[in-house]
Every structure is written in C-alpha cells, then in structure tokens.
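Below is a structure I'd like to ask you about.
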Amino acid sequence: MATASAEHATRSLEQIYGVPVDELPVGVGGTASTAWWGMAFFIITEATLFAYLFFSYYYLGSRHSRWPPQGVPEMRLAVINTLILVLSSVPMWLADRVLRRGRLALCASLLGAVLLMGVAFLIIEATEWSRQSFTPATNAYSSLFYTITGFHFAHVTLGLLMIVELLYRALVNRIEVRRPLAVRNVAAYWHFVGVVWVVLFLTIYISPRVW
Amino acid sequence: MATVAERLVTAWEPPRSVYSTLASVDHKVIGKRYLATAFVFLIVGGLEAAVIRAQLTRSNEHLLSPEAYNQLFTMHGLTMIFWYAFPILSGFSNYFFPLMVGSRDMAYPRMNAFSYWCFLFSGVFLYTGYAVGLGPDRGWFAYAPLTERLYAPGINMDFYTLALIFLTISGTVGSINFIVTAFKLRAPGMSLGRLPLFMYGTLTASFSIIFALPSLSVACVFLYLDRKFGTHFFDPSGGGSAILWQHLFWIFGHPWVYIVVLPALSFVSMIIPTFARRPIVGYAWNALGVVMTGVIGFGVWVHHMFATGLPPMAMSFFSAGSMTVVIPSAISIFVWLATIWQGRVVLTTSMLFALGFIFLFVIGGVSGVVTAATPFDWTITDTYFVVAHIHYVLVGINLFPVIAAFYYWLPKITGRMLSERVGKWNFWVMFLSFNLGFFPMHISGLLGMPRRIFTYPAGVGWDTVNLITSIGSYIFAIGVLLFVINFFWSLFYGPPAGDNPWDASSLEWATASPPPPYNFEVIPTIGSRDPLWEERLGMGRRSSIHRGPTLAGPGKETLQTSTLDGEPVAILRMPENSMWPFIVSLALLAAFYGLVTSIWWLALAGGVLTLFGVHGWLWPSRTAVES
Amino acid sequence: MMRPASRPAHTLAVLGWWLLAISLLVVLIIGVLELIPVIRHRGSTLADTPLVNTPPSTRWIIIGVVLTGLTLLGTFAYSMVVMGETVSPDGQPALTIEIVGHRWWWEARYPSTQSSDSFTTANELHIPVGVPVRLQVASADVIHSFWIPRLHGKIDVIPGVRNQFWIRADSAGRYRGQCAEYCGLQHSNMAVYVTAESADQFRSWLAAQSRPAAVPREGETARGQQRFMQTCALCHTVRGSMARGVIGPDLTHLASRETIAGGELTNNRGNLAGWVVNAPSLKPGALMPRIDLEPGDLHAVLSYLETLR
C-alpha cells in the first residue's frame, strides 16, 4: 500500500517537474550544495566582522587630528605579505580545479604550496610585529593595529589549519574527488582571507598616506 | 518487507541511551530543549525582577545593597534579552522549520545541536559568575568607560563580554542553519511565495543576526582586550572613545530588537488566519513588511544616542529613520486587522494572546515613536519611560506571542491539549496585570525617575507609581505561573490533540502530534500557501500531502529543492547522531573559563580541543567519500 | 514633562502631550478595530465556523498604512521644529557654567564676572531667572547625564567629549535633578539642585561664593581648621586656606549648601559628622574614606566646616 502510494506520487512529481525522484542525484556539488551555502554565509558574517573592525579604525581615526599618532607605518614587509597572500590564491584556485579532474596528487602539491606561502606570511607578519616600537597597550591606534592584524593573523592560521586537514585527508585517501566540496570551501575561505588582507593593507598602510 | 514507516523509524530513531541523548541531532529534540531552557531563563529572569520590584516598591528601601541591586538588574536584562527572548523563538523555529517546509530535518542537524549546546553553556557560563558573586553589574548595554578595569576592577564584566561572545557563536550558526533550511530544504512546489509567513520572521531575523552580531562580538572583544591587556579602545585618555562602544553596541543592539520580535510577529501571522478562519489578507504585504523592518532596522541605531551631543543634522536623519521603521510594522498590524475583519473570529486562548499582543504592540510601537521624536527623547531617555517601552516591546511583542504560540503549538509538540478554561484566566490575569504594572512606568519616567537607581528619596513623588508597578508585576508572575500549571496539567490530563486540533492550514498539522522522528512519511508536494485548506477553499492547485516520495532509507534522507521555486534538485543524506557538537561546545566552555580567569593554559587547552573536535566532526565517512 | 518651569521645558512638554495624545488615539482606534470583529463573532467555535472563502481585500491595509505615514510625517515635522527651538539657547546666555560629572557628585565652575571672581562649587547651582544659561559639560571619570527635568532635557556627560547644552528657568525656585546615565554603585545618589533667583539675588550669591573662606583666628574653629588641613586638604579645596585638593568637592562655602553627599543627605551637623566619620557606610563606594577623629577633633572640624558660609 505504502509502496503503491509512493510510486503514484513519484509519478506525480515526475509529471510536475519531469524528474523521477529516485533518479535524483544524492547530494549536489558546487554552489548548489548546502555545504557551499553554509560556507558562503560564514564568510559573509566574518566579512561583516572585519567591516566593523575597519569601521572602528576609521571612526577613531576621524577623532584624532594626527592619525596614526606615531606617523605613517612602514610598509615594506606589508607589501611583500600582500604579494604572497594574493599570489597564494592562484595555487589554491588551481588545487580546486585539478581535483575536479581527479588529479589528487597534483592537488595535494598545490595545497602544499599554499601552505608554505601561508606560513611565510605568518612569519613575516610576526616579524613586523616584533619590529614595532609600540605595543597593543600604547594607545588606541596601536590597540587597533594589533587587534586588526591579529584577527587577520588568526584567520590565516585557521585557513592553514583547514589546508593541513585537507592534506591529511589526501594522505589517508578520504577526499571527495568527483565533487570536491571540502577543497572548494577551503578555497573560498582562503580567497576571502586574501581579500580581507587587501582591504586591511589599504586601510592601515595606504589610507594614512593618502590623507 | 518492512513498511515505509518501519523503515523510516529504523533510519531516524536510534535506540534511547545516554549517548543518543547527548548526541541527538533531531531538530524536534533540539527545539524542545531550546524552548525548555529558554523558559527556565524566563523564570530565572522573572525571579530577579521580583526582587528588583521588592526593592523599588517604596522609597529609601534597603533590602538590597547597591552592589546586589546592580548585579541583579544587569542579570535580569541580560537573561531576558539574550538568554530568553531570542532562544525561545529559536526553539519554535527549530521545531517547526522542517515541519512547515515538509522536510525531515534542518540543513545542518549537527550544527543545530551545536547551536543549542553553545546557548546552554554560555548561559551556564554567565550564571557561574553570578553564582560566585561576580555577575556583570554594569547594565545590559554596559557603557564604557564604566566597564573598564579602572572603574570595574572585578572579573564581573569579563563574564559579560565572554558570555556574549559565546552566545553569538550559537546565534550565528543557528541563523545560517535557518536560512539554508528555508532556502534549500523546502518540499517540492513550495516556492518562496508559498512559504508560511512564520518563516519570513525567522529568516529576516537570521539575516539580521549575520550582519548585526559581529558588531557585538567586536565590541566585546575590544572591551575584553581593554580590560585584560590594557588596550585603549574605549579609554579616552589613551586616544580611544567612549562613544565607539555605543556605536558598536547599538549597531548591533537595535537590529537585535527586531531579531527578538520579528519571529514572534510571524507566529501571530500563523495564528490569526487559523482563528479568523480564512487565509491571511495581504500575504505579500506582510512578508515584505517584515523584511523591510529588518533592513531599515539597521539604520536607526543612533536614536539610542540622542542625548550624547550629536549634531542636529545627524539627529534629524536618525529620527526620520526611526519613524520610517514604523511603516512596515503598521503594515503588519493592518494585515492582521484586515484578516480578522474579513474572517470569522474564534476566540481561543491562543487567539486571545494574539489579539492582546496586537494591542500591546501598538502601545510599544507608539511609545517607540515618542522616543524617536528627538527633542522629546531628551526628556524621556534614560528614564522609566524607556523602561516601560522596552517592557512593552519585550513582554508585549515577544512574551505574549510566545505564550500564544505555546497554546497554539504545544498540542503539536506534546500531543496534548491545554485547558482552555485555565488558558482564558491565564490571558486575562497576564494582560490586565501587565498593563497595571508596566503602564505606570511611563508615568514614573515622565515624573523624572531615572532608570537603574537602586532606591529613591521620599518626597520626589515616585512612591505611588512604584507601588502600583510592583503590585502589577507580582500579579503578572501569577499569570505566568498559571501557564506553567496549565502546561503540566496538559501533560498528564490534557485530551489528545490529534493531527490538526485547530483545523489549521499549514504543513506541520499534516502529521501526527507529536510528529514521528522522520516528520512525514512522504515528502509532500505543495500546490498552495494553505495546503490543508485548499480543498475547502476550492483552490485550483492541489498539494499532495500523503502521496509522494518516501525516501525511506536505508539511511536518513530528505529532499533538496531549488532556492526560488522549490523544484527537486537532489536527495540529501542527513548525518547520524553525533557527540562532536556536545564535545566541541564543552571544549569552548572550558576555553571561556580559561579566558575569564586568566588561566591561559586552560584557554589554550580548550581551544586545541575545539579544533580537534571540529576535525573529528567533519571527518568524512568512507561512504561519503566513495559515493 | 510635568510642571515645566522654563520656556524650553514647556515647549518639550507641549510636544510630549501632543505625542501622548496622538499615541492614545492610535491605541484606541486599533483597540476598537480589534474589538468589533471579535464581538461580532463572539461565541463562535471551531466546529461551527466554516472557512471564509471571500477574496481578500487589501484596500484598508493601504488606507491604514497611508494614514500612519501621514501621522508620522506630521509628528516628524513637528518634532523637528521643536528641536530647532530647543537645541540651542533662545537668546544671549547670561553666563556659561562648566559642569563636571564625578562619581557621584557634580562640580560646577562659574566664570569670573564684573562683580565676582571665578569659583568652583558642587551639587547646588544658582542661575538668574528668565535668561538662558549655557552649560559646558565634561566628565572626570565615566559617563553621566545632566538633567533638570523641569528646566530642559538631558545632555550626556561623556569623558573625552565636551558637550554643550543650556537651561533656563522662567520662575524662581529650587529645581531638583539627578544623574540619568547609569554610572555605577551610587548612581542613585547623584542629585543636583538648581536655584533660580532674581538677577540681584544671583549677583550677590556670585559675590558671596567667589569670596575666599574666612580664616578662623582662635578657639575650636581654628583647631578644627588645623585638623582639617592635616586630614582633608589632600582631597578638598577651601579657597583662602592651604587646602588645595581636587579629588573631592570644593568646600569653600560648604555651609551655604543645603545638602551633602551628592544630594543624599541634608546638610546639618549630625549628617556632616556621620559623613566625615563614616562615609563608606552612608554611601558605599564613594571615594570619601572613613576618617578617624577623636570626638573633640571631630567637633572642632565640624565647627570649622560650619563657618564656611
């Protein structure tokens, strides 16, 4: 009885939509997948978080006659870091592409490249911190400087942990090859972290030079 | 061969055990937990209010020390605004989203469990502080620099910042879950235009949360850093700004008002058509109004800051914005009025609460307009007028719809009817005592009584109004008690509800009460907004409720459909029960205890454990990889 | 809003009454609109009420929303007009008083005039009747809010921000106000009084307040002054003496004030004694410490304080 009604309804759905339910794929990939949507909204809320951080920077800046109080920040290391992080999006993008063609080993080595670039970024960022003449407790500007770069640092670290996770999955053969949702999501996150850095760079290093 | 129902039970209902209790990802179980926990917070917050009222009943009262009073009113505000008002709505949404869209669970069942545990543990975390005498004591909006270490040396306010950050995790993942569920997991045929109005409120609130909560997180992180590491975000002597806190807090805070009322409004939009015995009049108007409120709600935050010395231009702009936001609320009110005028009202308890709500909504709304009139706001801001307003908003526009929703949906959840007779007493006691108690607060405000004072001198003329307020609020507590009694009575003696005791039109009434773990035996196909009424209303399009794909296993499956039109896209494999959400939130709790006490190794350990937990959680099963 | 005693407060009160009247009307209309259909169908039950199948009409929704919009527009326009009238002084201010909020008392600095020097006092302001007075507000610690309900609205007193506001009083009298922004433990005990008086009285008050304190020559008061200098002078100022402390209120003319402790206590010998000896129990959290004085010394100090007229 139940089976009969199911068959009946399968037909009716088929009539409406032209797709037999039994033949629908199990899960979908790409931007239609719920996993992608989840990541997209996660990125949106994270981006909003950074927007409020930058708002705070500009708000406090607008209330100072001299901003940054200790002069325009030196930007040599930051330029290098910008290049590294922006360029690291290329192997990340490729890793996603090649995996969809089933080339797991190539994907893993590309991820490895991203990992190395990311670690280089973190080391340079830490170097920049150690060279500053101020600490987070010096004044409101220094508080913002360390908090914003620190938040970004934490996000890069999180992205790298995701990549380590992917590499580990590749190693033990637990990576979805045909429909690489995990890699795709990590790639999206990584690109997002790069975009945030660019805005950060423009805010902290370029805007004091413009105004 | 097993029947469909048997196969579904095998797939969806794991045997009961301690494990299945902690690991459950069933949205109905989680929804019930949300409702129960949030209701407990309501009771706790109410008891706090009772003590506050005892202190304020007469002038020069010394029942409480100022320290005790300040912690008490802060905890009352935090509990009600953050740990009751929103989670209770999430509870309903959790329980009913899948049921209303004809799905078998939420889009991310484990995230759902995680969201609940974070909510619970953040509340436990907050109350740990209060239990050891270190509860937050700087008001729920905690204006800096009063919250800075210099002026608030104890770790009280660290409990505040961290508990709120912890709670934002819950709110954010919960919201993403609601959005994706509403967009992706609807039954075939349920286009966005056929979405039950219930969902527009929660959807709008969810979007607001995604854009608003980060502002609170940023504010709390800044304050935490100021307090623990000596940064200067809100410290004017170090180049920071006390106003920055106000901006960050209210950019979040005002949308939050809509976050805690829009879903409640949407409950009413479900209840009113049922008891007006007709489809809602102005469906599109209502949906649009709710969404507009959410959007405009982001442009009005400065009306909390009219007395901070802003330029008149800025004040006019935000005054205009605050008045504009009334328009969509007016739309909702006229939609409900039009529906009851064009229908035939059946006065059940639920409907009484819904109608009472409309009345209180109007009072809370117009008193909001009064505060939006900038120059008059200079008179009433920070007085009991605002306290009255916030209570008409939170009690009138949140608690009344919530009680209406309980009377309406508890029969679905428990399978038992509540007593209508007690219910009517319940309504009249609550409605009359609420107005008796809280309306005079407007007057104390106009008489010049500032908020947050632990006592007042005799002879300034505030004794009588405060006495009335206290009496009203105690009777109000009796009203809430009546509800609790009615609830427990119904569990034991309530008549069985049947599938559709109110003869309502939406999908949740198409299944048993309480619903089976898999919700629906077949995935329904939807042809109209009122699938259970369409036959009697002679609608052309017909839904198919009892015939359709069963997706009966072997594992847990439900259907994914397209975002706009609800066309079938794919079969979704749903995750089994999992301990990871519980473990990860427990690890977070440990990390937060470490952060509040400055025991850094504990914070670090909690953080690392969280990461390992997430790793375990997301680890793909072999079948998932190979399919 | 109740009993406004100045032009701006009156303008605000009229706005307030209008707003309340409109509000009440709206609540009434909606209430009646709700009741009519309820009464019309009273007694219906689910079982005997079939579904209504008439096509929905949204005409009244549109009418209702348009009326709401017009009401709001009127309210907005009116309130903007009132804001224009009340936001800045309605005439040449007679003087500018600097107000500094402290936990939990108000400091007021008066500028020098033709007949008086500048001076500082606490908690009790005097202003001339019938003219606007400009206020320049600042905070020494956290956010407070200055508010004399019968004279005007509020202005927040925010550290790091210099806000300007104004008040006026159109009839003579003593007006009470208290801090309106939650500022910690003793937020409740942070009152301020404004005495509005005729121009002559005000001038003589200014002159009296700007005079330094008399120096006692002998006897108990002199001993009291000596004791005062040893124990109190670090925090309090008495002009004309060595006491130059700036943490607590200026006490040069303490005896001319009607209250002490941020308006919490009436200024009499008994309260003053209690306050000096054991302020922390009268006002927990206040910065005024417990002062250990021999009974003889206490009386001497009190006698000295009473000379500070």
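So that you can tell them apart, the chains are marked A, B and C in the order they are listed, and the count of residues begins at 1 in each.
The rule we apply is simple: contacts are C-beta pairs under 8 Å (C-beta built on N, C-alpha and C of every residue); 3 or more make two chains touch, one makes a residue touch a chain.
Given the structure is predicted, the values throughout are model-derived calculations rather than measurements.
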**Request:** Could you run down the chains that neighbour chain A and chain B together?
**Result:** none
**Chain occupying the most central position, where position means C-alpha average** = B
**Asked** Whole-Å distance, chain A centre to chain B centre, using C-alpha means?
**Response** 30
**Message:** I'd like the Å distance between the centres of chain B and chain C, where a centre is the mean of that chain's Cα atoms.
**Reply:** 37
**Fill in**
Between chain A and chain C, the Cα-mean centres are separated in Å by 52
**Request:** For chain B, write out the residues touching at least two other chains, lowest number first.
**Result:** 240-241
**Item:** Residue ranges of chain A in contact with chain B within the complex
**Value:** 2-3, 5-6, 8-10, 12-13, 16-17, 19, 21-22, 24-28, 32, 34, 37-38, 41-42, 44-46, 48-49, 51-53, 55-56, 59-60, 63-64, 69, 136-137, 139-144, 146-147, 161, 165, 169, 173-176, 182
**Prompt:** In the complex of these two chains, what residues of chain B are touching chain C?
**Reply:** 65-67, 70, 138-139, 143, 145-146, 151-152, 236-237, 240-243, 276-282, 285, 307-309, 312, 315-316, 319-320, 323-324, 326-327, 330-331, 333-335, 337-338, 340-348, 355, 358-359, 362-363, 366-367, 369-370, 373-383, 446-448, 450-456, 460, 502-503, 533, 536-538
**Complete:** Note: in the complex, chain C contacts chain B through residues 1-2, 11-13, 15-16, 19-20, 22-23, 26-27, 30-31, 33-34, 36-38, 40-42, 44-46, 49-54, 56-58, 60-61, 64-65, 68-69, 72, 75-76, 78-80, 82-84, 86-87, 103, 141-143, 145, 147, 149, 152-156, 158-161, 163-165, 176-188, 284-285
**Prompt:** Which of the residues in chain B end up touching chain A in this complex?
**Reply:** 3-5, 107-108, 111, 172, 175-176, 179-180, 183-185, 188-189, 210-211, 213-215, 217-218, 221-222, 225-226, 229-233, 235, 238-241, 244, 247-248, 251, 521-523, 525, 544, 546-552, 559-560, 567-573, 611, 615, 618-620, 622, 624-625, 627
